[in-house]
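Letters are used for the chains, namely A, B and C, taken in the order the chains are written, and counting of residues starts over at 1 for each.
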Amino acid sequence: MITVEGLCKTFKVSKRSAGFKAATKALFKREYTEVEALRDVSFNINAGEVVGYIGPNGAGKSTTIKVMSGILVPDKGKCEILGRTPWNDRINHVKNIGVVFGQRSQLMWDIPVLDSFELLRDIYRVPQAKYKKNLDRLTDILDLGKIIETPVRQLSLGQRMRCEITASLLHSPQILFLDEPTIGLDAVSKVAVREFIKEINKENGVTVILTTHDMGDIEALTDRILLIGKGQILFDGSFNNLKRRYNTFSVLTVDYSGDGNIPEIENINIISKEKGRAVLKIDTKSRSVSSVISQLSSILEIREISVEARPIEEVIVALYKEYQI
Amino acid sequence: MRLYLKYIELLLKSQLQYKASFAMTICTQFLTPFSAFAGIYILFKRFGSIAGWSAYEVFLCFAIIGASFAVSTCLARGFDVFPNMVKNAAFDRVLVRPRGTIIQVLGSGFDIKRIGHLMQSIIILIIAISGINIQWNIFKVITIINMILGGTCIFSGVYMLQATFSFWTIEGLEVANILTHGVKEYASYPLNILPKWITRFFTFVIPFGCVNYLPLLLLLGRINKNRVFYMLLPLFGILFIIPCLFAWKFGVKHYRSTGS
Amino acid sequence: MRPYISAFRVRFLNGLQYRAAALGGLATQFFWGVMAIFIYQAFYISGGVPQTFNFSQLVTYIWLQQAFLALIMLYDWDSELFEMITSGNISYELCRPCNLYGFWYVKLLSKRLSSAALRFSPIIIVALLLPTPYKLSFPQSPVTFLLFIATLMLGLLLIVAISMLIYISTFKTMSPVGSMAFIGLVGEFFSGMTIPIPLMPEWLRAVCYILPFRWTADLPLRIYSGNIGVNEAVISIGVQFVWIIVLASAGAILMMRVTRRIVVQGG
């Protein structure tokens, strides 16, 4: 449904250095550097998929989204979404997509949210019956209720974000682009937004492309990720596979009764040891967690065990490091 | 069209939220051109006339241009503040909607507070007409309406051009102020006061001449032939918008190939 | 002293970057200057040259107005300051080891100076080179020139003090547009920017002399062209000092009161 092939895009960015001399020099001559935002980017996405698009800042994520939305025309390459090239057939293409930019609002600030919704209904020419149906369903799932009757400026960030997502779905788009939708949200709102995305994906088959730095979003929503760095797609595949590659250790917390003594075991670091509780770091490349547990249970009287994988943030850091981005 | 009305409805609702600021701004909108009028009045008090035009005749010109300016700043506000839209990447959002860019930018700003300026212009218009002895007929009434219509279109076209510039650079747009505020100040005087080369610029490049000077001659009875021609002349102002539209489309194309 | 100098430097350098804006501004200002001169010329021809203000003095007045516009125009919209005022978010500012009034004063001052620095020389140079009736004339004597610079700089200090009062008033009115636009308009008229003060009727001129506005623009411009004599100029400097002290102290005191209220109430 979405085909992207060989996208290339270069930008000219003006250089501005600090200091008095540089400022006066800049009065007379501007210097430019060329930035290759996209280098031969290619991937395919099928209908109904949820894809996580990750990468460090400046890697080319928003550029890709802009090309797929039809906002930006690439220098080279092909892109076909639902049978159309986004930048050639902008108006028709755009009828089928919804966009949420995490930090910018599409709702008017001083008037009730509902008024902004009605404007969108008119812009997208949504028939009244369909609009009502969508609105009711969305307000129901996202628990909006009275919120839609208040002006945006009086809403909390979590409430606002839920309204933004509703706004982007009023016209029943087949594809949804989410740019950092959970940024700055409290835990409750984050969970609500994630649950919601899961539901509309399952129930309505909406294809979701999610740009995020929050790995919790990815964990909750999808297994497929696209990793972009310095303008190139570096990884396109399963998030779990990726984790497995970098999950080089696990942290085992053991609560035991009695006075057990934990011997020095190979490939195991004892992070902390107090009476009745020990925290061990296991090099999972050389030993499996289960074998360590069975070894310990023969020595100790284990009451409780918990296992934690390597923190996901660290996995990502290691990932970026390996790809040098 | 329905969409545009919807935009206006919501913008009004939004602006009326701040009643005190709203009222104060309308007052300022009234007083600003009034201050300019006071200046002109004082100068006429001291000098009596200018290049063969009496005070009230110049007031008439002033009022008509003022009215055009007021209406155009009300309608074209979206284009006036367009550089902000580019700076905040809000234009990206415009491109994501299945509607034309122009209707959306128009709909992003309808500044009803400009009615203060319009009221002032109407008052001056009445003062001016009462001070001159015009022999009224249907031609002249239509001419005044055309003048205001044409002037509005020209000013709006200039705002559109100014907005188009911001696709290339967000700075340096003060130049366009020449063409809006600057022209409004100086086209408030009948054009023949200014040197020939300026008059020519304002007749052929940005056609204020056809809403300022020539129809004015008709109104004041200084010309008696070709009446229909002079009456319809201001409508050339409406045609001015066409090249502005082309420039805009070109600007959007540039934006879409270079990003923000 | 250092934080003030640093704030000044940063804003000044930042202002210098806007060269495209300056270029555009230059074109605009030339246009205004040229147009104004033509219109006044037509008036002078129709109605005769006023005794107290000949054409060459008028031309000088107008060109100097345009060249130093950033220093004499009351209207200066600073979105950063207004944003802080309307949101009550002055917490960062209050954390600086400076007096808030002084800090903002310096910010406004540097912005004007940097804008003027970019623009004044091209305008002056071109205006000096124009054909005779329209050209900027040289100052009458080195003394008048020095007095011009002195009164211009004092006028700058005065106008920033007035400007600060506008910003402080916004803490109360919460209406940046209302305060700035309205007072900007009044200031513009009474400082001779709408029409030169010598061309106003007697009673209106008297009003101008009572208000602080003309002591920023009208005064230095007429000193330059000799329209105001040396003796009167020297006395005027005294008047400028008085106005600056009065308005700046008032501003500083009001600023303290206003910020104390915010700090107590919690923004």
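As a working rule, contacts are C-beta pairs under 8 Å (C-beta built on N, C-alpha and C of every residue); 3 or more make two chains touch, one makes a residue touch a chain.
Just so it is clear, the structure is predicted and the values come from calculations on it, not from any experiment.
Undergrad: Measuring between Cα centroids, what's the chain most distant from chain A?
TA: C
Undergrad: Which chain has its Cα centroid closest to the overall Cα centroid?
TA: Ranked by how close its C-alpha centre lies to the overall one, first comes B.
Undergrad: Calculate how many whole Å lie between the centre of chain A and the centre of chain B, each centre taken as the average of the chain's C-alpha atoms.
TA: Result: the chain centres lie 47 Å from each other.
Undergrad: Just how far, in Å, is the C-alpha centre of chain C from the one of chain A?
TA: The mean C-alpha positions of chain A and chain C differ by 51 Å.
Undergrad: Cα centroid separation between chain B and chain C, in whole Å?
TA: Using C-alpha averages as centres, the distance is 28 Å.
Undergrad: At least two other chains touched by the same residue of chain C: list those residues.
TA: Those would be 19.
Undergrad: Note which residues of chain B are touching chain C in the complex, please.
TA: Per the touch definition, chain B meets chain C at residues 20-21, 24-25, 27-28, 31-32, 35-36, 38-39, 42-43, 45-52, 169, 171-178, 182, 185-186, 189, 193-195, 198.
Undergrad: For chain A, which residues count as touching chain B in their complex?
TA: These residues of chain A touch chain B: 9, 11-12, 63, 66, 69-73, 87, 90-92, 94-95, 97, 99, 101, 104, 106, 108-111, 115-116, 118-119, 122-125, 151.
Undergrad: Enumerate the contact residues on chain C facing chain B in the complex.
TA: Residues in contact with chain B: 18-21, 23-25, 27-28, 31-32, 35, 38-39, 42-48, 50, 174-175, 177-178, 181-182, 185, 188-189, 194-195, 199-201, 204.
Undergrad: Any idea which chain B residues touch chain A in the complex?
TA: 2-3, 6-7, 10, 13-14, 17-18, 88-90, 92-93, 95-100, 104, 256-259
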